[in-house]
Structure formats: structure tokens, C-alpha cells
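One chain, subunit A, appears in both complexes that follow, with subunit B as partner in the first and subunit C in the second.
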Partner chain A sequence: MSSALARTGVPPGRAVSAQMVSMAVVIAVVGLFVLYPVFYLLQAAFDVGAPNVRPPTAYGLDNFSALGKYWEIMVNTLIVTFAATFMALVFGFLTAWILTRTNVPFQRTLEQLMAVPYYVTPLLGALAWNFLGAPESGFINQVWRGIGGDGALVDITTAMGIAWVMALFEGSVAFVMIGAVMKSMDPALEEASQVVGAGRWRTMLRVTLPLVAPGVLGAAIFVFAEMLGSFSAALVLGTPARFYVITTAIYQFVSQYPPRLPLAAALGVSLFAVMFAMLYLYRRVTANRSFVTISGKAFRPRTMDMGRLRWLLFAICAAYVFLSVALPIATLVYASVQKLAVALPSADNFTFDNYRTAFSLNAVRSALSNSLVLGLVTATVGVALTGMLAWIIQRSRLPGRGVLEYIVMFPQAVPRLVFAFGMMWAWLAFPVPIYGTFWILLIAYLTVFLPLGVRTISGVIMQLDKSLEECGQVCGASWGYRLRTIIAPLLRPGILAAWLLIFVASVRELGASILLMGPDSKVMTPAIAEAFFSTSSELTAAMALIQTVVVAIAMVLFTLITRKASRVGVGP
Partner chain B sequence: MTTPRTDSPTAEIEVEDLVVRYGAVTAAGPVSFTVRQGEQLTLLGPSGCGKTTTLRAIAGLERPAAGAIRIGGETMYDEARGIHIPAERRGLSMVFQSYAIWPHMTVFENVAYGLRVRNAGAAEIDQKVRHALDLVKMGAYATRNASQLSGGQQQRVAVARACAFSPKVLLFDEPLSNLDAKLRAEMRIELRELQHRLGVTSVYVTHDLEEALAMSDRIIVMRGGHIEQAGPAADIYNYPRTAFVADFVGSANLISGRLRPDLARDGLVALEADGGNILYGDPHGRTPGPEPTMSVRTVHLQLRARSSGAAINEWPVQIRRAIFLGDLTQVHVDWGGRELVIRQTAAMPPAEGMIVYLSIDPAHCVLLEPGEALQVEPAPQQEVRPVLANLPTE
Partner chain C sequence: MSDSRLTKPTTRRAALQAGLAIAALPFAGMFANRASGQSRPPTKVLDFTTTADVAKAEQEGEFLFYTHDSEPAGASVVEAFGKDFPKIKGKYLRAQNGALYTKVLAERSAGRYAVDVIQFSEPATALDFQKKGGWMRHVSPQSEFYAPEHLSNPVGDFFCPGVTFAGICYNTDKVKPEEAPKNWKDLLNPRWQNAMSVKQSTSGLQFVQWFELKKLYGDGYWKEFAKLRPRGFDSRAQLFDRLAKGDDKVCGLAELAGYLLQKEKGAHIAFVTPPDGLPAGTLWNGVVDRAPHPEAAKLFVDWLMSPRGQAHYQTNPFFYYGSVRKDAPPMPGGTRLRDFKLLAPTAAEMPIYMAAQDTFTKEWNAMLGL
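== the complex of A and B ==
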């Protein structure tokens, strides 16, 4: 930083130094948060010296070659990831095409509903589908045997079952990405094809598909990388049946006794190397888009008249929303009010005891309030931090801000569980004892949600005309004054959106929290996962629903407050 | 910080060997010029010529790579001495191409911003904001939300905001380019009057010739990051130095040929055009090369039905096309195998194919300085800057 200051050659002045100091602090904090754990992760992965001696006495590749014994885990991971990516893309492509390019009925309502699966987490989905599709106790299989079937009709604890649950959740992400590409396509490109005499299907094959192909490829790579690092569905559905993917294997290596930390680190580094490569590829694919489909002009994409077929298309979209949202929630509600979850209701099986127990559990009560407080603090500190970062990356002249962008986006390429492993290792060595406290959870959340916050706020900054800020500067306003009077008010929508996203993501965080929470710093989502393994699944269902309702209430409250504030808040 | 004035005692802005680079690309420079106190200077040129970059460097919004900038005698930037005063402490003001009206403030708050930054008292703010808004005839809109204004109104508010805190220097970055043609013509006059009333030193950037001629005491024509010609508006128009200036600044016929020193007379230079016609022109103190080019404004050529009997610069020509343009008629004639364009207001609508007499006053045949081959980039009609632009366009 001091070199940057020297290079701009600015004589010491109050305004400039305030800016420089703030930027230096933010960059130092981010560098520490992101790179320090990664360093320790790498160190652990290459540590082949005496166990439990730090710093390592010898380095080598032994941990990686030892992974060969676990080839089955790699194969499992690849099968689950490929299957889940394929299904998610099918869901995403179909729904995106139906909702942007056809005259499907209730198009706007469906489009809003498509975002909901994202808020129904894979953990919730996995718990619900476990009730539905477990080979013995699953409702579907109970009914199947009830009508005379034999064995299990479906088995959700297999690779395909896990992939199915992951795909239901991630399909909504694929929809958003592919839908954006389809929406931004200039209909003139297709009309031009028809004008020269090509038919509808020929146009679709020769013009439409090639045009959206890069966007779909980008979505495929992105979804694949996300699936590689996903954790909760495989944890809930796979672990009881001893079916492991890389992330759950890492968790197993870390939490078993004795832990096999170097092996876990090597597995984590391998995973993150692949994800990093995928995300790099994703950036290349989306950045070098030679197909300029986005022309900045406003247009409505042309929709095809599907005739009666449009009700079938409607049914497809509705089925997706039903399978990913309505059915899981209904299943959890249904299971949570039963003593023993069975497919057919009966009066003497009905109970509210699960809720009573859930609320009386001290662990749940403290975990829930801990989660909410942590979410509030993470979101508030997070928007300040990511807002500054987004501004530095988008608007400052700081040398090396490209590198900063890579560092900030780095956590995106590291599964949260792997990142938490690095943090665990790193902060154990840190002179200030924060391991096992809320502080480490706060730092973990702030770090893993950096990309989320920076991306959200950057999106708003990029839409702001740069001269709005420059004009304030020419009018004589210092950096701090501009920040207060121009930048912050104009960024308000982005900051609020980022706040809400970070809050919701923090409250529901599992991968990082499960490794980092201590006995006195329990948070909700890992508590739910633990309850699944140690108590009844009916109680777990109640807990998961309580969390979902609390998050929903928090979101509604936030929306109401900010809407009211924006109505009242006029003036500087 | 104060350094002794190095140039004329009335120089308000001094730009010395300024170079601005974006990465490896040199966007402007080296350029040097001065703006006198109270003078209205225009930087004129096609897009990409470095005019906006130069303006932004004066404002302090770009960090130049070399050179020096002094404003009011104070060094604002000097690469050699490591001085770079940030824009907020240069004490000047600027009107942006996109107006940059803050949508979250009222008109009053927009205009009051510069005064609030300077910790002015409430009474002073009120009085100065009202005065500034009255200057641009927006007094009635003070309480309006800035997001409710039309383009022309936003433009006026932007001007009021720029003048409200009485800066010594006003910078204009193509402020009229986003207005429609009629409003642009109106605002041109208003801005000119405003500048005169305030007596403020100003630098104005535009790619529009009429705007440049109307707004400025002096024009600097830029091309490819360099100054092509600088001088009073009339000089730039009447005595273009190069083919580029002649063509960019208004429409001109450029006639090249062989120098015929043997035919020179009365201090005039004689040029034998490719078709064999001999054209006499005024060298304006310039030394002709062996193959000189002369520039003749299209409005300076005259068509007559009959010969005037002049000994030089008169030829019978055939009319190829006559195009009615409203205020003017544009006539294309065949002149020794090449085409010349004449714009005239004459009531006589020449019939195509007709033979008429073309004459040119030698004083209007301007000898251009020898230079590189003519390669004129077309002047854009309207430059629209994308909202998302991260890098300056010039």
C-alpha cells in the first residue's frame, strides 16, 4: 500500500490518506482472511513429516498418492456430479426456454416461483426426500409395498438419488443463468433467418441453439463446479449408507478419531484445484463471448405460439416447482407432526411433541439465536467490507486491483468445507485464541460470502454512470464526503440486496460451520444435521421447519423495514 | 504550493507537454497550450482525438504520464516534481456529457452540493443556489426531484451546479451532445451568454464545428492526441493549416496538383491541378511544397451564367448535379475531370448539364502546409457514451 501511495505521488492530505488508509485496511483484512487459510491448507496437504508437529518437518506428495486408495470416492463424486449437472441443466434449459420463448400461461407467476427452490436449501430437500424415498421407510416405498409392490420402488440414498436432490435445488440456478442468455437475445437474429425463408425448426436449430450455446456451456461449467463442492445432500442421504463423495469424505477424515488431517487436506486441495480450473474455464467461456447477443437495446424476446401444447409446458414448470418446493415442505410438515413418520395419516400417530422438544432443547434455542445474531453481524460487516471491495475493484485506480478481484473471488472456487478446514488449521496456529468461538465463525462467513457480496454490489456499481461520482469530486468533495453523500445513497439497493443475501446465506450455512463451531458456539444448520444423525428424523424435520420459518420471517421483516425506510427517507 | 507564473501574467490554465496514457496506448499528447483569464477555449476534434482525455487531465480525473498543468498560477500536476493534486482540491468545475445529475437529490440539493462541500452558511447557500438556478431559468424547479427532469432541464441544472460555487474555471465535456438538434442550437447561445456574463475561464470539448465556432474565442483542433491547429475561430475556419483541419472544420474542396512557380504573379501561388486547370491561391506566408494542396470552402466558390472576364481563377464548368438542401443548394460541377462542390444560396436553380462559369477569389484559396497524405476520419454526428463505460472513451 505504501508503494501505491508513493506511486500516485500525492502529497499527504487528509482526504486522500483517509481513502488510502481505508483501502489499505480492507485489502489487508481480505488478504489475511482468504490467503492465510489457503496457505495452511496447502501446508497441511504437502506435510509428510512427523504427525502433529508444526510447522511440518518434511514436504512431499505422499498424501496425494495415498488418495489412490480412495478411488471409489472419486468415482462416486464424478457420477453424482455428472448426473446432477445433467439433470439440473435439463430442468434449467427446459424451464428457461418455456418461460422466455413460449406463450406459456401464468408466465410471470411461474417465473417468480422459479427462484423459490434456491431458498429451499439442499439440506431441507435432502431431509424431505429422505422421508419420501428412503428404501425401507420412505413414503413412496411404503405406498408401493402397500399396493402389492416388492422391495423399494425408489432409493434416494444412491448416487442417482443424491444427484436428483442436488439437481432439483441447482436447477433454479441453471434457470437463472440460461434464462438470462435467452432473454438477452435479439429477436431480429431469428427474424432474419425466417425472412430468408428458413422454417421455425430450422431457425431454432441453425440460429437459436448456436446463439445460446455459449451461455448454456457457461451455466454447465458453473453448475458442475458447484455440484463438485456441494455437501449437504450427500451428507444426509449418502453417509448413513456409507456412500461418500469427496466433500463428505473430507468431513469424515476430519471428524473421525483419530482424524486423518493430511489426507483430508490433500483431498481438499485436489477438489479445489479442479473447481478452480472449472471456474477459470467458466470465466473464459463467458468473457470471450464472440456471439454478441446483448446489444443493450431493450426488446422483448419473441415468443412462440405453442397452441394447446402450452398447457403441457405449464405442467412441466409447475411439476418442477412442486417437486423442488411444495412436496419437500409438505413432506417435512407432515413428518414433523407424527410420532413415527409413515405415509398414511392416523389420529394416534399425530403429535406436536417434536416441536415442543425442539423448542425445549437448549442447543436449539441457543443455536437459533446464535445463528440470527451471527447473520446480522455478518451481513452488516459484510456489506461494508464487500461494498468497499466492489468500489475498489470497479472504480479505483489502485494498481493491482485485478489481483484483488481474483483474491476476493477465490472462496468461490473452494468448497466451504475445505475452506473451513484451512481456517481451522490456520486459526489454531494464530496467537489470538479464537478457535471454537463465534469470532472464527464470523471470519469464516465473511470470507466465504465475499464473492456473493462483491458480485451483488459490483452489479449495481457497474450500472452507475461514473461521472456521478466524478462530478462530486470536481465539486470539491473529499472521498469520504462523496462516499457518504453520493456513492452510498446510490448504492442503497445493491447494499440492501447484498445484506439480505448474506444474512440468509449465513443463517443457513452448513459446510464451514460444521467444522468450525465449538461446543459453546453452536449454530442452527449444523445442529439440524447433527440432530439427523443422533436423534429422530421427525424431530429434525421440526427443527428444519423452525429454521425455515424464522428465516422467512426475518426476510419479510427486512423487506418491510427497508420499504418503509425508503418511503420516508427523502433528502440527504 | 504557489509557483511563480511562468507564462503570460493573464494565463489561467497552462498545459505543458502533457501526455496521457492508458496502459500502452497514448491517448493524448504531448500537448501544450494556455488559456487566458476569462477566455473561452474549445478543444475540437473527432472521437478518439484526445480532447476529452486532455480535459479530464486538467480536471484531475485522469493521471497523466508526463508534463505539467498549472491553474491560476498554481501547479496542479507536474510529473517531474511528483505533484498531482486530486480533482477535489483543484477548485474548478465541470459539466459532464451525461449531466451526472444525482437522482437521489432535489434540484436544489444538486446545485447546493459544491457550496455545502465548502461549508457555506444556509443563507449563502440559499441565495447562491437561487441565483444559479435563475441564471439557467430553472428557478421554478428548485424543489423538484432531479429524476423527474427532461434532458434539457437536467442539462441546465448541471450548468447551474457547475457555476453555483463561483469557480474560476469551468470545464465542459460535450455538454450538448445528448440534446436534440433544436435544443442544442438554443443552449449553445445561452451557454455563450452565460459564460460572458460570468466572465469565467472555460475549456469546452466538442466534436461539433458549429458549437465550437459559436462557443469559443479560440479553438484548438486535435487529431490523434496532438494539436493540429490552434487559433481564433475565424482563423481556423478561414485559414486551415492542414487538409485535416480544412475538412473537419466545415466542408471544403481540397485541390492538389503541381506547383507552377513560372506562372506565379501578384504574390499568389499557382497550382496546376490534375486536369490541367491552373488555380491561383494565397500562400498566407506559407512556403509551398512541390505538390501543394489548396483548400477552398464550398461557400466560397461562385457560379455565374456569364464570364466576368477575370484573367485568373475562372473556368467554364458543366453542372453534374444540383441538390436542394433547404437553406442552401449544393451543386456538383465537373472541373477539369474532377468534381468540385459548391454551396450557394443563389435563387438560380442550375439545371443539370448546363454550362456555367465558376470563379474563385484567390484570397479564398488557402495553401495548406505540406504534410502527410489526407486521411480524414468521419466526424460522428452523435457520440453516445455507454452508461457502463469503465474506461474513458477517449
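== the complex of A and C ==
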């Protein structure tokens, strides 16, 4: 430590000021990115003046009082959101535990496959399950009737069907977030539990679960918000059954003429209350409790021997991978090579035209590369920004850091389709002309993915024993040096998970991109959604598969690079 | 009545109907006032005339087109224009009509003028934009090929680049021809309960259908229709996708363009032309005030109004819009607009039509469970 102190060579006063400056910059950026658009969103929500006139000519509460008429949509939203969050957390916790804490066979392969649903646009999952489970044309139901069955064996257009698809595809983030926390956990605690006679399941429930509680709760909040703002599954599966949720209702309100933006904004803003209640609950649960699992004592990640049970655990993970990866992708591949997707193949229905059309669209080709570049930049800048924010919220003694946590959650609390309007108005009025360029998309992505990064990294920071950092401080290491040499290396799993999550989330972003992309900064997912609306589900399937393959290649490259870097000791 | 009707030879009666149809298509009380002058004498480029300064347009080198049409449609039209004028790069952005309008108004209120040409999917938006001074006055020499009701008043703000119209469609695997609806009133048969699709209130054409059938059959028609719990979708592609796969038995707002596209794929569907007429929706397109590339924008609009642009809109599968140009050739399948009895609000009805928008949106949303 003394050598470390010598290497820093920074007087304590300067170290403190560097810390303060960094914190001030991060807080200013967050304030600008989040509160600036929120101001315009609130302005719209209270706008009762002439339609389509900005700034508003009159203010009032009419938009909020009109929300009562849509109680049925709100109930639908809550049912689907709670059901999907519950399913996602059960899948996420169980699979994360199996793959990080047990000696399940093919652990590494399964772990990589488990994350695949998160790589793909949710539209792909919704589309695939619509091909499979639509009551009339669904492949499963066609085969069912073909073998003499009556009616529909599966109906994916029900509330539970929608929740199922949301949990499989949009809830897979829970696995990544919880998995990151579990990887950072010292197995000695579990071993101690078993030494004193607790069984494996009891250890999981009484030791593992409470220790990863911040990560699970953080994931729960994030997943809940994600489900609240979920659009694709409800659009593809709910609309045919006249089942609307808040996001699909908002989509209709902003698309019709005259657009009912104030009502959509009020609907979106009202979700702040729901989201902040969740966050308050999280803070209450995690306050004044220790979740430390990483202390000064070294540990090597070890897994529990599950005996024969490991094959049962393997079957659970394999079933999840089959339902969320293999079956949907096979379905889409099958549908994408047909003129009209039907269950039973016929030669005259076979075609490669959907791929030919997809590749012929210039906009799609450039959109794909734009998406990848934006994903890389957003993830890299985003990790630094959200890492700092998470540290400020969890570790600093800055007054008002709790408020900062609420501010960070704003973009997650409102469906992106609505938040995008706030960002559009805000950045149009901004004196620097970034509107319509690549930069506005970068700012938009950094803004909307702040909660994702902060939640992921916070879960791991809370597991870090403060004494490690204090030890560095006592030895005279500057704040920056401690951050670089103690905190960042220990946070590595969380940082990598956050990078990965933000990268993928950026590549598949839809709601904000639709409104903010310019003619030279088009991105991929809106093009896929557009194909769904204006061409055919077969062409949409082809485009979604192309995007998935490109993202998969990017992910493989990323994995190879990080592995190589780890081997040669590059990095922290 | 089904497919055969589409290729029916033009009779005297049809020609008479055509006159009525075209006269009934105006939509926008925008009867032309041709008093507006032209800034430049027309010059001939390729095989059409334009008042745009082509050299300047090429110097500007690009233009930006905002459209309600689909992504492939937007790409195809700027590409077709680019083949004729390779020195001018066309860019486009697409969004649903409402979102597109909000976007352009927000940009203008912030003093950002990026768009050169804009196209709306229905007349009320174009008229509102006109009230806000959004259009640049550009009197195209192509205007003489358009009836006054297909041009703005005064001439030069915007024009109608195409018409889309809808009848009824059914899935032939699910419905026998003798059981299929023959006219709009047949859609009220309880057998279509939970088996029929229409468009969402975002659709301009849906608004026309609501307005016209209400005129024909009275208020009770839509009340009875609502009892059948129809399903609402955003685009014709979705309607025909579902119909072809048998998810719906009948489509209550089946655009001929969508039918032709799906039929080419071998779908088992049939188109019905109701004798009471087919609701028709018009699109509106023009140069935007303070366009950053005004000459390129004018050239694009003149090209779109010319037979070259109109041929693209009429024959490209992403459009299949009927041309209202007086000398337009037949549409794919050999039919012309005048072969159909089209239903659309007349100029005199325009104020009532526009005032009814709010009622329509509320009623339609409620009917679709929104």
C-alpha cells in the first residue's frame, strides 16, 4: 500500500477536488440528460391549450382527470406487468443460481444461450410466438386441429400469453443482472451453511437469496419498469384480441390525427408514481442492512456439487433455452422462407424473396451498421457514466444522493415512446444543433439506459466491503487511484454485465429511435417494426433474424476479446 | 361480386360513374384559385415540364422528404427520382401521420427547417398545415393535368399524388362465395362477430369509410357494427396478413392495393366491390415553406406530379395508388379509378367532415376497445 501511495503522488487536497469535480460533472450531465426532457414532458402533460401549439397556451389538470376513462387499460397493464415480472424473476433467479452456483453440466454453453433472448429485439419473440400460438393460424394449433383436435390448444393472445412472451424475452435481463451479483459472491458463506448442516435448497433459500437480495430487488425494479414500458408483445399479441396496455394505447394516441400528445404524456407521467413507489420500497428494504459478500479476504468462485440433481437442473435450463431461443428462432427461420407462413410445408410456398428484399433495402444496411456503432459507443460511455453514478449513490456521502437515484429512474418510469417526445422538444430547443444527428441518438440512449447501468452496477457495489476502499484511503491512495485499482477490478463482473446489457439494449432500442433518428442516422429496430406494420410478418421475420445474427457475431467477438484480455492481463 | 369485377371492361355506365367519382373525390374544399403566378417559365426536363431551376437543384444536391408511407415505399420513390436526377440525393424519413405532423411542427416551432417536401395521408393535416403557413407556394406546370379539387386552394401549396380505396375482402377457405358479404350492410351479419378486421382511428381511409357509410345508412350502422367486436389494426399489410392466414374471415376495409399484393403471393382471398361504392382516401404532398433545398424540392414535386412519378406511385407494389392525373394510364390489373364508384366527402361537405374528426376518433377507439 505504501508503494501505491508513492505511485499516486497526489496530495489529499487535490484528490478530494478531483473527486468533487468528477461528481459534479456526472451530476450535471445526468441533470441535463434527464431533467431537461422531463420538464418538457410535464409541460405537455399539463397542456390543455390549443392542440399542436407549442409552447402550450393554457395549463390545467384535464389530461389527468381524463385518465379515469382508461381504467381498464391500466388494469390490463398492471396484470400483465406483475405477471411478467414474477415469471421473469423466477426464471432469472433460478437459472442464474443454477448456472453460477451449481455444477450443472454444459454450464458455459447454457450460460451463453441463456442470454440470447436478450440479444434479440422483443419483436422477434412476439412474432415467433404469434406464429406458434395464434388461436387460428398458430402452427401449434394448426397441427393440433390436423390431428383431430378442436379449437385452439394454445392461445398466446391472452393476458398470460403476453406476459409469458414478455418474461421470456424482455425478462431475460433478470438472469444477466442476478447472475452478475451471484458471480461476485464469496462461496464461503454457502459452504459455511452446508458445514453446519443445511441442505442445498435450504442454503439457496436462506443464504444465497438473502445475500443477493439487492441484486434481485434491483433486477425486480428494473424488470418491472421494463415490463411497464413493454410495447412489442402487447402490440403483436394483444391488439388482435382487443387487449390494450398503456404503451399500445399511447402509440395509438400519438399516431392519430390530431395527435393526443397531452393525454399520452399524462398517461406516461402518471407512471412516475408507480415507479417511484417501487424504488421507495427498494430503498426501504435495502437501507441499514449489509449485503457485503466481497471483503478483503480472497475467494475463488466455487460451485456446489448437486449430485444427480444436476441433470434435473440441466433440464430446467435446457427447457428455458428451448422455449426462448431454439423454438422461436427455428419458427422464424421456417416462416421467413415462406410466402405465407403456414405450419405444413409446400414447395410452391417456399421462397428466399424475403431475404432478397431485406438485403436490398439500403436503409436497412446502413441502419445495421449505425446500430452497432451506436451500441458500442453508448455501452462504453454509459458504463463509465453509470459506474460513477452508482458509486455516488451507494458510496459517497454527497447530500441528496438519494434524490439522484430517483432522478436516474425517470427515463425508466415512462414508456420510451412518450419520453422520446420530451427529448425531441428539449433537444430541438437546445442551442447546439444536434437534433436529427447521430449525437441525439447517443444522448437519448445514454439517457434511457441510465437506470439499466446504475441498477446493474449498484447491485455489485453493495456487495463490496467499504473497508477495502478505506484501506486504500488510509494508505494515502487518491480517490481516482482507489477507483482504478480497487473498486473497478472488484466490480469487473458487474461492469462487464452492464456493458453487455447497454450494448444490446442500444442495438434493439425502438421507442426513442422512431422519433429521434434523422435521415442519416437511421437504426435497425425501427426498420424491423416498420416492416411489421407495412410489409409482412415473413419479411419482418427475415429482417429480425438478420439483426439477430449480426448482434450474435458482435457478441461472440466481444466475448473473445474480453477473454483474451483477461488471459494476457489487460484491463484492471 | 369478386375478382372478375376488377377486370370488367369500361362501359358507358362506368364512365358516367367515373365522372361522378372523380367529382366526388375532392376532399379538401381546396378548389383551385389559379390566380397565383409562377416564378419561372416552365422548362422541359426528360419528358415533363418543371418550373424548378434544375441547375440550382443539382447544385443543392439533395432534398429531404417526410412521408407517412412505409420505409420501403419512401426508399423506392427517392431511388426512382434519383435514377432520373442522379446529381440529387433524395433522403426520407417516415412516421405515422400524427407523429410526423407533431415532429414537423415541433421542428418549426424551434426554428429548425430541415424538411423540403412532406406528404400527409389525409386532407385535414394538410389543411391545418396550410393554416399554419407550412407550405411553400409552388405552382407546378403539371397542375393543368389535375382537376381543381385535387389541388390546394390557392393552387401551389399541395396536390393529391394518389388515391387509395377499399372494398370488402374475405378468406375463401373460411367463407363460401355465396355466404360472402356483397355490400356494406352485409357486414352487420352476426356471423362476422369476432371474425372481422378494420383499421385503427389513425387511418384517414377509415375516417372516410365511417363518414360515408354513416351518410348512406345512418348513425345506427356503426352502432350495429360495434356489437360485432371488430379488431383494429394499423396498416393494410396487417389486415391482409391476418386475412390470408385465416385469423380473420372478413376484412371490412380492404384496400385494393393490399389485395393485389397479397393475391400475388397466392393467398386464398377474394375482393368484393360493394355496389353502394368504395370509400376513397387521398394523400397530399407539397413543398415545405423555408425548405433548405427549394429547387430540388420543387423538381421532386413536379416529377411526382408528372407521368413519371405517377407511374411509380401507381405501379410500385409498396404504393399501388390510383392516379387522379387526367391522362393517367390504367392501374395494375387494367382498371382505372373511373371504373369504381368511389365514395368521398364532397367539397361542400368538407367543413362537416373535418369537424367530425373528433367524434370519429372517440367512437372508433371505443368500438375497438381502446
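By definition in this document, the second predicted complex is superposed on the first by the 301 of 572 C-alpha atoms of A that agree within 3 Å, B and C clash if a C-alpha of one lies under 4 Å from a C-alpha of the other, contacts with A are read in each partner's own complex, and residues count from 1 in each chain.
Please note the rule applied: contacts are C-beta pairs under 8 Å (C-beta built on N, C-alpha and C of every residue); 3 or more make two chains touch, one makes a residue touch a chain.
Keep in mind the model is a prediction, meaning the values are calculated, not measured.
Judged by the touch definition given at the top, the superposed model places A:112 against neither subunit B nor subunit C. Of the two partner chains placed around the shared chain by superposition, subunit C is the only one that A:244 touches, whereas subunit B remains out of contact. When subunit A is checked against subunit B and against subunit C, the one touching more of its residues turns out to be C. When the two complexes are overlaid on their common chain A, residue A:255 makes contact with subunit C while staying clear of subunit B. The touching residues of subunit C, counted against subunit A in their complex, run 64, 69-73, 75, 79, 91-99, 101-103, 105-107, 109-110, 112, 114, 122, 124-125, 128, 200-202, 204, 229, 231-235, 237-238, 241-242, 244-247, 265-267, 318, 357, 361, 365, 368-370. Listing the residues of subunit A that touch subunit C in their complex gives 52, 54, 73, 134-137, 239-244, 249, 252, 254-259, 261, 339-342, 348-349, 357, 361-363, 421, 424-425, 428-429, 433, 435-436, 514-515, 517-520, 527, 530-537.
Listed in rising order, the residues of subunit B touching subunit A in the complex are 59-61, 63, 82-84, 86-94, 96-98, 100, 102-106, 109, 113-114, 117-118, 161, 165, 171, 386-390. Subunit A meets subunit B in the complex at residues 8-11, 13, 15-16, 296, 394, 397, 462-463, 465-468, 470-479, 481, 485-486, 489-490, 571-572.
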